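Next, two complexes with subunit A in common: one pairs it with subunit B, the other with subunit C.
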Partner chain A sequence: MKETFFRTMTWLHTWVGLLVCWVLLLVFFAGTVSYYRYEISLWTQPELHSEVFQHYQENHLEQQLAQGQDYLELHAENAKDWRINLPIERKPYLSYSWQTQPKAGQRRGEFIEHVVKTNDQGVVTETRDSKGGNFFYRLHFDLHYMPAKIARWIVGFCTMFMLLALISGIVIHKRIFKDFFSFRRNKGSRSWLDAHNVSSVLALPYHLMITYTGLITLMMMYMPWGVLTAYDGDTRAFRAELNPGREQVKPVGISADMVQINTLLPLVKSYWGETPIKQVVVTNLNDQNSRISFYKNTQQAVTDKRIPLVFSGVTGKLVSDIPDSPSATHATHDTLMSLHTARFSEPLLRVFFFICGIMGCAMIATGTLLWAVKIRQKQQKNIKNGAKPSLGLRLVEGLNLTFIAGLPVATCSFFYANRLLPTEMANRAQWEVNCFFITLTLVAMLACINRTQTSWRFVLRFGAIGLLAIPALNALTSNSHLINNISQQQWALVGFDMMCVLLGGALWFASNKLANKISLSTSSSPAKHKANITPKLASQITSTKGA
Partner chain B sequence: MVLANCKFRALFATKGFDISSRALAAIFGGYIVAATACGLLSLSLPLPKAESVLVAMMLSFLFYLAAALWSFSVRKNWQAWRDLLCISTLLYLIILVVG
Partner chain C sequence: MISNTLIFSLLTFSYLALGCMALAMFSHFRDSFKQPPTQAQSRGLYWVGWSILIASYYLGISYLGFAYGSILFIGILSFAGLLVILTASYRPRHLPHLMAGSTSLGVSLMLIS
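== the complex of A and B ==
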């Protein structure tokens, strides 16, 4: 298209990246945050911050299952299913949950979860209505305020753009090794380019992996054509062959007494040995066809498959097949899926995944900031003569401010809403989410009026103060504060507070750099001012000059 | 008539048309190539049925990627349409023969 392939790829990289980068940033950001989905969910339910934490205890299992079954029989007699959730590393509590019978016209009933207090002190039945970490998890492929199907197509489309941008980016990055070791600070757009290169190249395998596996997680939706040709479009048959354990039996309508769940434990142990159990699910309650499924805690195994041991609830006989070791194809697919979800990663590895995710956000953010700086330089002469920056530039700068500076603030407001909205409020969970988007909209409105460094500094400071105060918020609105959590070794809660402080500090640092820059630009000559600019600020260099 | 023809020609020659044509070829033409390749691989790979479908689906995005890059690298934008449509038609015909 251009004179050379290289130039074409440069052009492609710029435009493919720029067109969808804000959606991508939202997806990357929400996806990165949802590496700590359970930890966030735990933090957003302060009712659970004391009296419920426990480890998995093999020798209490029998008793826990018996108590669970009694409890569910008493409180959830007419439910659609029962679940007994045993403590795992990231959800350190025992809970009984059930799904009520779906109302007419709905596919699913309501999910209710009661968490068991330790030392036989009863159960916690009332937790605040909140989406917690699941909000971010859903946001990263279902977006919000729109049907999930449309959102997934939008996200898939943007992911394909991302893949294209990554490949074309690698092609145009001729001096990939040389540039890898060079970072030129204080050099305006050159610094932005270096920052873009560093964040891209350093985590390049991660970026490629997460983008491609992202497409693969939803490929049944994006590329159903194989099923169409090989199975004549019978998706159900394909899925059944893919996951034989997933088939669900229907109730026959003949009532029958169920066995005690804990009597099945020796049988489960004979198959799984000492592997901890994660969940027990009972379906078709008190029916001839009732089923009791055991799910194991896959721990650090790189797998995303939930292969249960299924027993008949009436006879206690095993009805599921023991799967053979998976074929190469299935293993590849499973590995790709679990690389994306990273369920296997223990705390240290999870931190690395999180850092890589942040690098991805940085890659996207520096890319679009770089574009804005370059275009502003191009238009500098006209702007100096009093002309307005072009519409495209204003749009990009506005969206940059909204998404790059706005996302951390919006996330912060979600946490504040979680703690400050009255617990008995109607539609509470939805209002927390609304707060997230209202904040984002407010930043967008600010961006419509003013896109200079003053706005950037204001939004960044706002986010920084909000995040730095999270431990205080937690201390004031829950019954356990940071010191308390440290002494009780509640690392999920401690980690949440510390992470907020760390990110808040980073935002404060960035806003301070901007503050130095502004005071410089009013007092010094342009030449000197240029020399004092840090990479973070370079994007705005020309905007103050223009003003 | 002649005038209209000239205008038409001028429209086709603009940079905007070139870019949109290539973009549409990349998005839709590329998708059709990926879809037909996925369909054909599902039928023809020497693996059990479910596995060949899985492999085909996992690989299909690479075909999409290659097709999109292709439509931006050919010299003229109509060539992108020509190539992608030819390939996907060919693949589709093979599916009809094999399936």
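== the complex of A and C ==
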């Protein structure tokens, strides 16, 4: 009984993992990158790299809000809404933005953002058209080139498989504690197994958390029936209760003069004290039913709630309720959501989240590489006798090359496209994204022709050189470079360049390792090199194969 | 406000704690010291590791709050564990030295902050 149970679990782990691992890798990779969504967006808009950076200044608030309101009245009179975005740690600039009236048949209008220069030097109105970090954020759950709803179902399906793979993985890993610190290098598939175990076990709390909370973020879409029953099909009422203060009021069509936003500040302070304000949103402009909502900067609080203070734009009276302390269910949901998005993390915690995300990518990559290595060993004899590797093996090896080595290169090409495509190009933002996928396709085409280590080394080297040259690209195509970003303490931009160099270095290191391996295997027999495994592992492999 | 020096000290203490736990294992101890551990050494290292781990977790949550402290601590543990594994596999002889070094760094960071 026990033996069959472990065999079943091993089978489950292998196949649920293998079936969806490349989509998962894409999702995990994009998710990890989007921990730095705002930093990437900032980097992809070099127009904002100088003259706009400022900190939140309590004593300038009144003046900033007044200037914002004047500016928006002048430039966005007929807009659908106005937003005044105050500087926060991750978006260190003041901006005024608005949404134009949606065209017939569209739900949303166009978003326009003007960034204020410091020292009263005017505003930056023209930034290049780019999705920036939002591309990776959306890719993480909406994928691309397909309706968001279908994509979310695909991602949810894969996430469920991942959760299964994680749990079955824990069950079959009999030596979790005994092998906790073990990584045996240069031992063929044993090393891949160790790397898989290390990356899974070390960040296991993270993997479980991120997979589970990932399902939670879209749970209302996957399982809507609870809400439909409890609220009698009225999902709007549910959302209003979930996010108090966020429900939209319709304009009544009677025009009315609006109050000055900054006159509401004392009232806001009486509720929130010195808590910094993040954003002020005005809707239904110059209408009897206009609303002014203040959002606070929740800083390090583990919450994802954006509960605004909403005032009537005409009378200046508070119209939203101050919410009571949330119910246990509500608080649990909020905590799970905020754990997934990690919006509360300050820079160092963000680094740890990023490292855990990378370990997740490593877990998926090593898992599928391990499968390919083992199956190749199994077919070694036939291949030696001139038979072709099986279709499954060729497919897995090809997809591995495409996604594991291809994703960093594709990401890199996105950044190059961002800087090198002409700024006036039509559909520019979409072309940056196209460059990402074209690169991925090119690697896939290479993988169709040649999946040997030479291809791996070529793609890895290509990515390494691209990433290592990112600081040079930044220096040549923007008005600031690494050195003066350091001297001006623009840590988001410095961090971006340094991270690229670091990852580029890692890819270079990996490609060099492969180069050594290739020279080794040409001098000795490749079969011998790969079959360098302990008898114990061999027995383990046989048991896996039997399953 | 979150103190970065505190986070670095917690990282060094976690490295020490997980290093102790690694050395409590037969093979890692032998790789680092070229001799097998006695049972008392093994057990001692194991419990010292756990005590340091619990103490630094307590330190973390008392300064950073239960929620933030716990989340951060799990992140720190994953990274510290990775560092211990890399040291134990690539430079096993230096593991004890690096543990001592990281402890003194952590203590001095705590003292200056």
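We take it that the second predicted complex is superposed on the first by the 520 of 547 C-alpha atoms of A that agree within 3 Å, B and C clash if a C-alpha of one lies under 4 Å from a C-alpha of the other, contacts with A are read in each partner's own complex, and residues count from 1 in each chain.
The working rule: a contact is a pair of C-beta atoms (placed from the backbone, for glycine too) under 8 Å apart; a residue touches a chain by one contact, two chains touch by 3 or more.
Model, not experiment: these values are computed from the prediction.
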| item | value |
| --- | --- |
| Subunit A as common anchor, with subunit B and subunit C clashing or fitting | fit |
| Touched partner set for A:S168, first subunit B, second subunit C, both or neither | first |
| Touching partner for A:F352 - first (subunit B), second (subunit C), both, neither | second |
| Geometry of the superposed three-chain model: angle at subunit A (Cα centres of subunit B and subunit C, steps of 10 degrees) | 90 |
| Touched partner set for A:V302, first subunit B, second subunit C, both or neither | second |
| Partner chain(s) touched by A:T263 [first = subunit B, second = subunit C, both, neither] | neither |
| Subunit B versus subunit C - smallest C-alpha distance in the overlay, whole Å | 20 |
| Doubly contacted residues of subunit A, that is, touched by subunit B and again by subunit C | none |
| Subunit B-facing residues of subunit A, complex | 1, 5, 8, 12, 160, 163-164, 167-168, 212, 215-216, 219-220, 222-223, 225-231, 238, 241-242, 327, 329-330, 332-333, 336 |
| Subunit C - residues contacting subunit A, complex | 2, 4, 7, 18, 21-22, 25, 27-28, 67-68, 71-72, 74-76, 78-79, 81-82, 84-86, 88-90 |
| Of all residues in subunit A, those that touch subunit C in their complex | 178, 180-185, 198, 202-203, 205-206, 300, 302, 335, 339, 344-349, 352-353, 355-356, 359 |
| Residue ranges of subunit B touching subunit A (in the complex, touch as defined) | 18, 22, 34-36, 38-43, 47-58, 60-61, 64-65, 68-69, 72-75, 77, 95, 99 |
